[in-house]
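Quick one: the structure is below, questions incoming.
For clarity, chains are labelled A, B and C in written order, and residue numbers in each chain start from 1.
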Amino acid sequence: MRAAMARQLSRIMRPDDANIAGNVHGGTILKMIEEAGAIISTRHCNSQAGEPCVAALARVERTDFLSPMCIGEVANVSAEITYTSRHSVEVQVNVMSENILTGAKKVTNKATLWYVPLSLKNVNKVLEVPPIQYARKEQEDEGKKRYEEQKLDRLETKQRNGDVILPVINPDRQTKEPHTVGYSQSSLIHLVGPSDCTLLGFVHGGVTMKLMDEVAGIVAARHCKTNIVTASVDAINFHEKIKKGCVITVSGRMTFTSNKSMEIEVFVDADPFVDEPRERYRAVSAFFTYVSLSKEGKPLPVPQLLTETEDEKRRFEEGKGRYLQTKAKRQAQMQQAPQQ
Amino acid sequence: MRAAMARQLSRIMRPDDANIAGNVHGGTILKMIEEAGAIISTRHCNSQAGEPCVAALARVERTDFLSPMCIGEVANVSAEITYTSRHSVEVQVNVMSENILTGAKKVTNKATLWYVPLSLKNVNKVLEVPPIQYARKEQEDEGKKRYEEQKLDRLETKQRNGDVILPVINPDRQTKEPHTVGYSQSSLIHLVGPSDCTLLGFVHGGVTMKLMDEVAGIVAARHCKTNIVTASVDAINFHEKIKKGCVITVSGRMTFTSNKSMEIEVFVDADPFVDEPRERYRAVSAFFTYVSLSKEGKPLPVPQLLTETEDEKRRFEEGKGRYLQTKAKRQAQMQQAPQQ
Amino acid sequence: MRAAMARQLSRIMRPDDANIAGNVHGGTILKMIEEAGAIISTRHCNSQAGEPCVAALARVERTDFLSPMCIGEVANVSAEITYTSRHSVEVQVNVMSENILTGAKKVTNKATLWYVPLSLKNVNKVLEVPPIQYARKEQEDEGKKRYEEQKLDRLETKQRNGDVILPVINPDRQTKEPHTVGYSQSSLIHLVGPSDCTLLGFVHGGVTMKLMDEVAGIVAARHCKTNIVTASVDAINFHEKIKKGCVITVSGRMTFTSNKSMEIEVFVDADPFVDEPRERYRAVSAFFTYVSLSKEGKPLPVPQLLTETEDEKRRFEEGKGRYLQTKAKRQAQMQQAPQQ
């Protein structure tokens, strides 16, 4: 038994980490968060004698981007193990931006990730997680509650995910009206290389999230034609591993707009096109929320999404539901903790 | 049997993709073109039951850079299989730059690539290509004509390539007069890493082309000391595979200047220096054409190349021949299709 | 006044960080060391009210690579400010490799770096460094001694460096005998991009060191045609800043071989080739020591370097001097602290 360990990771943000307005891409931050999580959980799962294993990302809880990070700032990422069940590890990660010239620091993200230890010898075998010690009994109880909640949600998404129809990607925007779903719909393909992968030969969750954010950003920019930044990412479940040599197609379509935000649904499909008899499969899906910013960094109104088909209208209503739910939850939190 | 498939790939152009004036390097675009081609052709060649394979780049036809691409723009690359012979696949690729803020789109490149399927189990075994279906008979006939033409050209280059003498690179520019061949001559070495390679463990054609463009760009900039951009690349033949762990030497020398353009010959030599008995060999060679731009992006006059040796004079005349031929061909095309 | 601060930085080592035998390149480690140093010293120099500044690398003391780091391991880099003079900061950095599967940790490097704060508004203005507090008086005295020593050495190298003649690089190895200086001599060129640079627009010292190690590694591999790893780097002085948009030429030549090691001298020359009237200048130079390893990771005998010219013979003798001096120093240290 051992206590939850903290771990820090720092990096200077460079021009390639940011968009042309100088704001660091949400995807760059998600990738750093996941690297910190992967290190701390893999280390913990190997801390007792037994079969060596690699911690694989199973789920990321909803993540808000509280304030922007800029080129030249240092991103400080610290991770802590906050709960362990028999087969999974919860890691909480904090990201602070630090302007090393002025000394100013800001919390930019708080994220919660779930990892599962997979045997290094047999990638399909889930191992047991050494339990952590809690300073107080309530910490364990609260962790258990979070564990049960995410387990339920994972199950639900898995069922929903099976139904989802592959998005029809039509890059021929010339025939589409601006502000329709089809107009901004985008996709990119990426050939999974060695540097994208863990020791087990499948893609790091952080690499996948970075690509998802890139597509969501292109969809958002096409829709509102301004400088855009990631505001939040809904819970992401990693149902299926993606192996080295796959081609992954990352597709994004806008589902909902409020006055000042856009919701984009992103799918990741893997194509094990060489050496594998398997069909293309859906590996991950998630909702990203983006906001539009003026040159001075102020939020701008977003053009309303024009829905054409029945499916688009239904997805718009579902997006509205998620939007109102998040809004209500945030207001409730603010009333509970007015000082924060 | 299956129809030719279309495929799209998009990516935002970042600061590291461009020179200091903000123009995206031709090499970055060539690398994306090749990635799209490799994916679509590898998928096609694995579409029928049989030995799994990877499509290896055999040749790129002459490619013109019709308009510059800038940082912050989205590069949209779409690829289509347009012809198949028994052992090779022709892929046509279009690149559009899209300013997602203004919605402005421009065609920046049209390229044609030829791939050959190599067995995943035996890298020296060329497999058969599943035939595609043509909408019209003429498409097949025209494809066959293109196939025969490139086959002939490949054979010719192979013979010519054998004769080429290794360029003696003398980086001591202090003793050289400006505008001579020796003054701008440059070379770089690159240790082939895992990320440069396909599943078969040899270098992606796109990686090679990016390095070739990098050297050509340095030669051009050293000659005219201004902002320079890639205008076109002549047909490139990939005679020999380059394996992981090789050191490659990419050398460039200026061969010809017109009033507003420079032609640079680039060689790629591979050194299988660890664990291999083999000698250094010539893997690829090609001609790149560059233009010089003012700060406002207008074409500038180029200082004339000073030739000193007999070989340099001969190469200058050959370059002039290629220049005049291309010019004549382009004028003929413009008369045929004045509306385009 | 404030105490010396510690800072930690971690990263998983990926295939691209290593050679084909799986050993992480010394250059990758040097780059991480410098990033940690740059963060901690820039933060410190901005910790008091005054002109904002960026800490620029002025010197790296001799660095030994005590044990290899492998793909999949986590590199833990921690930095501490150990001395401040009026205009410079000494940072000591420790690198530990951690196998997160077995929990095994090893010290791989200990490095000492010197930084100088340059004004963000005027890159040529050196600012004053806020003094640190020492726990014990001896710490300050020892720091002052190290400061005086490096100052002297910097001055000496600067004078010596002026004399050094530009190496004539002849890549045509076919005409050279194996194991001669000319046979393994190599150079690479690199166009400085935005991601290579600090906020002041000049190249990060870590980027330069990574390129120097890359060239030294190629020279070493060409000489002995086996798997090679960095064993140590002699003190490196950064005489001149290298600006964005420069082309840098990094050249390496072997100077000395002992039974089991090779010494390679590396030069970095900058070419401010666009928009600058300035001539090419020598920015950095250093000696790297490499060892050759068998497939099992055991040190192999190194073929003796064949010297042909008087200069080569002189450099061989000088290298032998450095080798014997280092050997004597190491033996003296081992007798002083046999348990360590």
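In the analysis below, a residue touches a chain if its C-beta (ideal position, glycine included) is under 8 Å from a C-beta of that chain, and two chains touch if they have at least 3 such contacts.
For clarity, every value in this text was computed on a predicted model and none was experimentally measured.
Here chain A and chain C face each other with the same set of residues for the most part; over half of the interface numbers are shared between them.
No other two chains have as many C-beta pairs in contact as B-C.
Centre-to-centre spacing of chain A and chain C amounts to 37 Å, using the average Cα coordinate of each chain. With touch defined as above, residues shared between interfaces to two or more other chains in chain C number as follows: 15-16, 194-195.
Residues 15-16, 19-20, 166, 168-174, 186-191, 193-195, 214-215, 217-218, 221-222, 225-227, 244-245, 247, 249, 251, 271, 273-275, 279-280 of chain B are the ones touching chain C in the complex.
The residues of chain A lying in touch with chain C in their complex are 7-12, 14-16, 35-36, 38-39, 42-43, 46-47, 52-54, 72, 74, 98, 100-103, 120, 194-195, 199.
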